[in-house]
Amino acid sequence: MSQHLLTFAILFPLVGAVLIAVVGRTVSERDARILALITALATFGVSLLVLRDFQTGVIGYQMVDRAWWVRSLGLQYLVGVDGISLWLVLLTTFLFPISILASWKIETNVARYMVAMLVLESAVLGSFVALDLLLFFLFFEAILVPMYLIIGGWGSGNRVYAAIKFFLFTMAGSAFLLVAILFLYARSGQAGPPSFELGRLTQVATALPVQTARWLFLAFFVAFAVKVPLFPLHTWLPDAHTEAPTAGSVLLAGVLLKVGTYGLLRFNLSMFPQASSYFATFVSVLAVIGIVYGAVCALIQTDVKRLVAYSSVSHLGFVVLGIFAFTQQAVTGGVLQMVNHGLATGALFLLVGMVYERTHTRELAEMGGLASVMPWLLGAFLFVVFASVGLPGLNSFVGEFLVIVGTFAVSHTFGSLSAIAVVLAAIYLLWSYQRVAYGPLREEHRHLPDLSGREVAVLAPVLALLLVFGIYPKLLTRSIDPSTCAAIAQVRSSQTCADVGSAAVPAAAEGQP
Amino acid sequence: MVSHTNSALWVIPALPLATAVINLFVGRRLGRWAGWLASASVIVSFAVSVALVSELVAKPAEDRLFLQHLFDWISVGRLVVGMDLRLDSLSATMILVITGIGALIHVYAVGYMDGDPRFGRFFSYMNLFVFFMLMLVLGANYLVLYLGWEGVGLCSYLLIGFWSDVPANAEAAKKAFITTRIGDTLMLIGLALIVSRFGTLDFQTVFGTAGTVLTKDAATAIALLLFAGAIGKSAQVPLHVWLPDAMAGPTPVSALIHAATMVTAGVYLVVRSHVLFELSGVALTVVLVVGVVTAVFAATCAIAQQDIKRVLAYSTIGQLGFMFMAAGMRAYSVAMFFLVAHAFYKALLFLGAGSVIHGMHDEQDLRQMGGLRRLMPITFVAFAVGALAQAGIPPLVGFFAKDAVLEVAQHTGREVVYVLGAFAAFLSAFYLGRMLYLTFFGEARSDPARNAREAPPVMWVPLAILAVGAATAEWLNLTPEGRLTGFLESVTGATPAGHGLAVAELAAVATIISIVALGLTWWIYGSGRVDWIGFRERLEPLPRAALNGWYVDRGYDTVVIQPAKAGAWITAYVVDARIIDGAVNAIGGGVKRLAEGGRLLQTGFVRSYALAVFLGAVAILVYVGARQ
Amino acid sequence: MRTPVAYYLMLSGILFMLGTVGVLTRKNALLIFMSVELQLNAVNLALVAFSRLHDDLTGQVLAFFSMVVAAAEVVVGLAIIVAIYRRRRSVDVDDVRELRW
Amino acid sequence: MIPTPVIEFRPILPELLLCGFAIVGMLYEAFARRPDPVPHLAIASIGILAAAVAAFMLWDWTGAPYVLGDTVAVDRFSVVSRCVLLGAALIGCLYYTHYAARDPRSFLGEFYPLTLFATAGMTLITAANDLVVIFLALELLSLSLYVLTGITGRRSASEAAMKYFLLGAFSSAFFLYGVAMAYGAATSTKIVGVAAPGIVQALAGQTGSQALALLAMALLVVGFAFKVSAAPFHMWTPDVYEGAPTPVVAFMGAATKVAAFFALIRVFDVGLQPLTWDWTPVIYALAVVSILVGSVLAIAQRDIKRLLAYSSIAQAGFILTGLTAANSTGIRAAMFYLVAYAVVTLGAFGIVMLVSARGEEQTSLDAYAGLARRSPGLAALMTVFLLSLAGIPPTAGFIAKVTVFTAAIGAGNWPLAVIGVVASVVAAYFYLRVIVYMYMREPAEGMASDDGLLPRIAAGVLATGIVVLGVFPGILTGILEPASIVRW
Amino acid sequence: MPLDNVVFWVFAPISVASAIGMLLVRNAVHAALFLIVNFFCLAVFYLLLDAPFLFAVQIVVYAGAIMVLFLFVIMLLGVDSGVPVRERLIVQRPLAFALGAAFVVELFLAIRAGVGFTTKAPAVFTANEGGNTQAVAKVLFTQYFFPFEVTSVLLLVAAIAAMVLAHRKARAVTQAEIDAAAGEPAADEMPAYGSGTAAP
């Protein structure tokens, strides 16, 4: 039972999607929504079982489910979770019901929309748990289509451009990934039957000549850097976020971008440890540029979704920076930041969407004074803004702090520069909040309703988690820690992972870099 | 090793937190009871604090320490940061100030905020502030301190912008948060540096091992980064610009946050971390210089302010400068004494001002006041006590506090500091006198001033209590060995002693300075013999410059903000949209153009197609020929 | 056989080339098609020459097949050309370019 | 006295059946008073199915591997190709029946016999072990296709037929010259000789002339490249695809490529195997050019048939990518790709036919605006086909791309794979553009799509096949595994 | 100088010249006649190469049947004598000749390497033992009987093709045809049969 849980998690949405696709035309739109919601909730339930059965502190993959898929290609169905993917799986299954609930107002082609959502969920879950590279790639590419349809079909304004840009950008990046995977696969055929299994390919990759490994690292890196997105490959994100429907933005920010950072951590780091440390400075520079650059761009945006999109560029930079610092705190912080950013930015997009549903504008200049008519909505907004700003006690702070601390131990420059974003985040988020919430109220906004019961149901769980993960992040870190430690040990090629902390009281010399 | 665990510490911050949450969600339904509930929780918290502190005091000096570990907050690898509370003489002093003065201000606010539509929300924020402030001072490690540090910033933001329908208020709130955040971020880097050196943020470990772990340079770096946080939070030059604007908040907020407690967090931080500052040495000099500069600078600004609260704001900045001055001279306990004293009289002044504003129907301009002493006698007395206390008239508490600072300066041979401090004291006496006379003496200069009414008891009772406090708080320290300073020495170490003028001589000089200043202002503003408006005009442009804080704000705007905006604009709309995205679109466009061009190769002429075939064939043949 | 086989082969090559050039330069569909016939004949010459060279009759058989194919091709080709002509009153291939780009 | 040759007819039974039923069809057309599409379809279908059965029975052939004077090879390789080709023919006939039913006056019963003949040529070309047979089969299928292209007599169709014919004849001259050179080099036209040494034996044994063999290789490539429409021999493709009737394009696009590629594999991977190091660079270059030309030029197209034509050029490049490996992995990859490609092409053109309303050929992209609104089923099916062409999971196209790139990379040709994947991105753009039209545009006024049930079912089956192959490619790879070993 | 050499050197220039003539003359009939000359020359070469059977077939089938068919069609279509039309494809001609030259050079190199310009065929053509026609027949009907059968299908297809294309043309003037072509611009429609005036 336990070893099939992940498979169930992947299959549930798919089954639901097929069901809706089949009965979609005969049942009412409302039923299609409910069916989708039930499916997503069931998937969430399955993922909670995964959490229950997950053994904290165990290094390596758990709940591994394995079967041959295409034996002649050496393609396996091989899934499993470790402390890193566990939380991303949970984040995904958590955000999907919320997104579906947030999409209640979608009126056109509801069944098709829900099918796309559920297929997307399946694909994302698959990419987080796949331990066979081709399988991963399959899911990775499969993400594109439903998301493309969601942006292009239910987006706003310039949605087609944004959708195609999203698709092509990601696909362009993953093109190199595919070549690299196949290259490794071909190499693995030199000793025994070729395979795509992560473990096998890791052995192959670590045995490669240095130069080759570096090229392959870059091929992997480009694919994930686009997805993250890392400066200067980020320009698809503002467009995609701006034009996507609310749930699309939530999922894009909350889950899809994490596939990129997850990929960096899972594949780049573990498969090309030497190359990773060789390129660490390069990647860190990009990450730091992204952190500052995204924040600077966000400063001046007038479209609130665009602003949040740039803030994502900045926040995701933290994740990458953390991952490539190769210290326990930084990497764990990075993983934590993935989850936290997913929740916080997801919530931001939810709120922006709710505001948009009421005011029909994303232009900051056309809002204002909304706090006086919708105190609860804007109160929730403020809460989320401060979570994003990195207020201690709320979730994002923990990740950012750990990344900065962990990075600082390696490089004072990167650590310090990245902290600039902490200031800038406050500036752009508070500025935009001010434009939305305060100031004179427009006449046509005078009678806008406050949060509805459904919206409270959408927001409450997210906001609660923002607080819980801010106060007691140990919930997450205790299962993330062993996995990141293992990953770092590989890069540092030592038995222990680099740790800037010291449990012992007079740990004097330890911290000296 | 004696166990210092005390499992009751959490109660102190938990009470205000609980009521904050209650008021947040059901405050509207509680009506006026929301205020009383909030006040009650702070009062109870004060009571608990008193109980715990007396328990602490009862212990031998070297054992005065309570710790409580609530849970592991951030625990990654070997870096474990607990949600730990710590009560020692330093935090004891602070919590008493916070809960004590906080309680009074809460009660006062019940009256002041009466009738506000978001009454419950206000008290929720106030309680939340108290909670975070308590966390700040009770934290046993830098991260809990930082939690409180940022939390009070949040509350400050919420409360400054409480009346957010006025755009300026929201603007001020944002400015306050962002300006302090600059300092906070540097402080965060400081924390990172501490972690990288010590592997922990725990006060006990850091201070205990700093001497062996840190080099002088590292200590300087850490100390300066921490001090940057203090500069921001305590509104010291050059990050002082937010505080005058922060007066946009309701007056109880100004009293509690921007006078008595939050802004003093910087002083607390420096005193708390004095071990690091001392290791550095240089850092202390910086603290001293910043303190002196701020004290003088703020005083010059305060003289020219027209808004009663802005006078007090600049005054607060200057007084905080005095505290840093003391800290910079290693007289930490003196700084703390000053802090306590200042909390009394500045809260008093603010609440008095609030009472005046309340009585004047939200009029804050000094020029519109005058002659209020008859209409608002209680407020007048209280306010006068506060003003005189700060002006340094013995035997009020301000005299002793300021005298202690100047004494240290003089005794440790820092003559320049002494002179500048004395000058700042002179100026502060001057603007206090000006404010006092312009508000309460002379003729009423406007209708609100003529029709002003005394505050209700719920407001004047706290005022009165504070006035008594401001008048008698010196009792806390007026023992030969210094009761308060002595109590603090278990944390702060002894105040440096030295030789110089006798205490009496110094006191005399200080008193003379104050009296001269007050006399001068009485002559100008109170006697009616001088046309003070014309006098001001004759001095232009100096008063205007001082009024505008010597244009520091405008300077920032020109030098930092506008260029930054332009830079951001260029980044977002030129670099990002045109160059980076432009490159992306150029690739796409290039391929498209290539396709449109290549499409024309398909001419429709069957003979060109044949030519292509032949071309291909010959190309392959050429390859084959080369192969042979 | 005194003439070296290569001469025949070269002749075949030249004829093939001329046929090719004919396809490329003539505009009359019939002439283009005739040029193709020239190409096929050139190939036949090569086949027969190889047949002689290898002392093997396969080449001649191949040439024979090639002629059959040519005959069939001519039938179809001429039918198509006639069809085009009937529609357009022209056998100039340069005029037949509605399908392009 | 001529000795009676041993006639083993079973290996060519599929072709015999096809020709036989073609003749039956001709007789029906000739003698029926009013020829009707349905009996025609029945005759053709029976013929095709019978041929398929006959082909199946060759799967476990235990007789001589080369029969009929070593001109025909009997192997599983050709069984696979035959099945694919017969399927394509069946669906082509099905489409035409529907297509003609729209406008009974333009119906021509000869379509079916000609299709069967063309199919016979195609199946034969993949089984042929002799360059002469290949040439003859090539001509057989070409001549049939020329006529089919022009069968409606529409102005554009006749133009397409003429272009196709002139260029086809031109390129087949090159091919024939190649055959001659191969003969000159090896004294034989048999790919593998049993009775007497064939080309591969001659070349392997160094008895043949290397120089002439290379020349032959170059010229044969021209002929094959033309048929598979690899750039720069592709120029006929867009025009012919645009001009020819859609059912013909569906059949032709799918089947010709399959047949020509299977023959190419046999000639090059078996016959010219000793020259592997010489011909792989040629294939490599062709692959690069085809991929780039096909992917890039398709972007500018506004006609769905032209777009799919360019797409087919790019697809040819991808298949060639697999063949650069010159080993069984590459062959298997190419075979998989071909099957997937054939299915997709048949399906996509089926949709094209259905979208263009009765009697008209609305093939402009504008006809696809709002298709999802108008007929969601067609739009969904088209999406599946387009995604497969773009190589997005979970379609067969994805697995196909993976396998060809795997083969190429395994042979060290990773730069080619890089070019391929990058071009896939470019290609994705125009596939997505069609999806944009279908799903994200408002339908134009007065557009109506066809409600033909049979073609819809066919397209539905094909789409299901694409997805099933994408999810369980093992079904096909299991079959291809033994079939990809071309005997020598 | 041996006889075959003489004959070769006499007919080779003629064949090349006639081929070039076909390329250059404007009149299609002349071109066809040049091609016939060329085919005759080839027939002579077949004779020289000991292929009398093909010699006969070449004359009967090619020069006879096929070229007559060509001429017939030329006549039928009444092809103009070729008012020179400006070559619209400017690069076509020079490129064609350049590529043609390159083609021949490549061929020359290949033949030199593959056969050699001094290699002569064996003096005796043993394969022709018992008469060329009989020998060809023997090869054709044993080794190549299957391809031979294929050619029959090929011819059948050709016949069907001609029928289809011609048959349909017979209906081309009917209204149905015009309707079927309704998607095309009506102005492009042309009367199928001899309205005489050709479009310019």
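Read from first to last, the chains carry the letters A, B, C, D and E; within each, the first residue is number 1.
Definition applied: contacts are C-beta pairs under 8 Å (C-beta built on N, C-alpha and C of every residue); 3 or more make two chains touch, one makes a residue touch a chain.
Note that the structure is predicted; figures quoted are calculated from it, not measured.
A.B. asks: Note down the smallest number of touching-chain steps it takes to go from chain C to chain E.
C.D. replies: 1
A.B. asks: Going by the contact rule set out at the top, which chains touch both chain D and chain E?
C.D. replies: Touching chain D as well as chain E, we find B, C.
A.B. asks: Under the document's definition of touching, what chains do chain A and chain C have as common neighbours?
C.D. replies: Chains that touch both chain A and chain C, as defined above, are B, D.
A.B. asks: Compute the centre of every chain as the mean of its C-alpha atoms, then state which one is farthest from the centre of chain B.
C.D. replies: If we average the C-alpha coordinates per chain, E ends up farthest from chain B.
A.B. asks: Which two chains have the greatest number of C-beta pairs in contact?
C.D. replies: Per-pair contact counts point to C-E as the maximum.
A.B. asks: Of all the chains, which has the CA centre nearest the overall CA centre?
C.D. replies: Chain nearest the centroid of all protein C-alpha atoms: A.
A.B. asks: Which chain's centre, taken as the mean of its Cα atoms, is farthest from the centre of chain A?
C.D. replies: Between chain A and the rest, the longest centre separation is with E.
A.B. asks: Measuring from the mean C-alpha position of chain A to the mean C-alpha position of chain B, what distance in angstrom results?
C.D. replies: Distance between chain centres: 37 Å.
A.B. asks: From the mean C-alpha coordinate of chain B to that of chain D, what's the distance rounded to whole Å?
C.D. replies: The computed centroid separation for chain B versus chain D comes out at 78 Å.
A.B. asks: I'd like to verify one number: the distance from the centre of chain B to the centre of chain C, where each centre is the average of its C-alpha atoms, in whole angstrom.
C.D. replies: Distance between chain centres: 96 Å.
A.B. asks: Please compute the C-alpha centroid of chain A, do the same for chain E, then give the distance between them in whole Å.
C.D. replies: The answer is 68 Å.
A.B. asks: Can you list every residue of chain B that touches 2 or more other chains, as numbers and ranges?
C.D. replies: If we look for residues of chain B contacting two or more partner chains, we find 588, 599, 602-608, 610-611, 614-615, 617, 621, 624, 628.
A.B. asks: Any chance you could list the residues of chain E touching two or more other chains?
C.D. replies: 88-89, 92, 95-96, 103, 106-107, 109-111, 113, 115, 143-144, 147, 151, 154, 157-158, 161, 165, 169, 172 - these are the residues of chain E that touch more than one other chain.
A.B. asks: Got the chain C residues that touch at least 2 other chains?
C.D. replies: Expected reply: 9, 16, 19-20, 23-25, 27, 32-33, 53, 56, 58, 61, 65, 69, 72-73, 76, 80-81, 83, 87, 93-94, 96-101.
A.B. asks: What chain-chain pairs meet the touch criterion?
C.D. replies: Applying the touch rule to all chain pairs gives A-B, A-D, B-C, B-D, B-E, C-D, C-E, D-E.
A.B. asks: For chain C, which residues count as touching chain E in their complex?
C.D. replies: My answer: residues 1-11, 13-22, 24-28, 30-31, 33-35, 37-38, 41, 44-45, 48-49, 51-53, 55-58, 60-61, 63-65, 67-76, 78-83, 85-92, 94.
A.B. asks: What residues on chain B touch chain C, complex-wise?
C.D. replies: Chain B reaches chain C through residues 599-600, 602-607, 610-611, 614.
A.B. asks: Report the residues of chain B in contact with chain A in the complex, numbered from low to high.
C.D. replies: Touching chain A from chain B are residues 71-80, 83, 143, 146-147, 149-151, 154, 157, 161, 164-165, 167, 169-171, 174, 177-178, 181-182, 184-186, 188-189, 191-193, 195-200, 204-205, 208-209, 212-213, 564-565, 567-569, 571-573, 576, 580-581, 584, 588.
A.B. asks: Note which residues of chain C are touching chain D in the complex, please.
C.D. replies: Interface residues on the chain C side: 9, 16, 19-20, 23, 29, 32-33, 36, 39-40, 42-43, 46-47, 50, 53-54, 56, 58-59, 61-62, 65-66, 69, 72-73, 76-77, 80-81, 83-84, 87, 93, 96-101.
A.B. asks: Hey, which residues of chain E end up touching chain C in the complex?
C.D. replies: Residues in contact with chain C: 2, 4-5, 8, 12, 15-16, 19-20, 22-23, 28, 31-32, 35, 38-39, 42, 45-46, 48-51, 53-54, 57-58, 61-62, 65-66, 69-70, 73-74, 76-77, 79, 82, 85, 88-89, 92-93, 95-97, 100-101, 103-104, 107-108, 111-112, 115-123, 125-128, 132, 135-136, 139-140, 143-144, 147-148, 151, 154-155, 157-159, 161-162, 165-166, 169, 172, 190, 192-193, 198-199.
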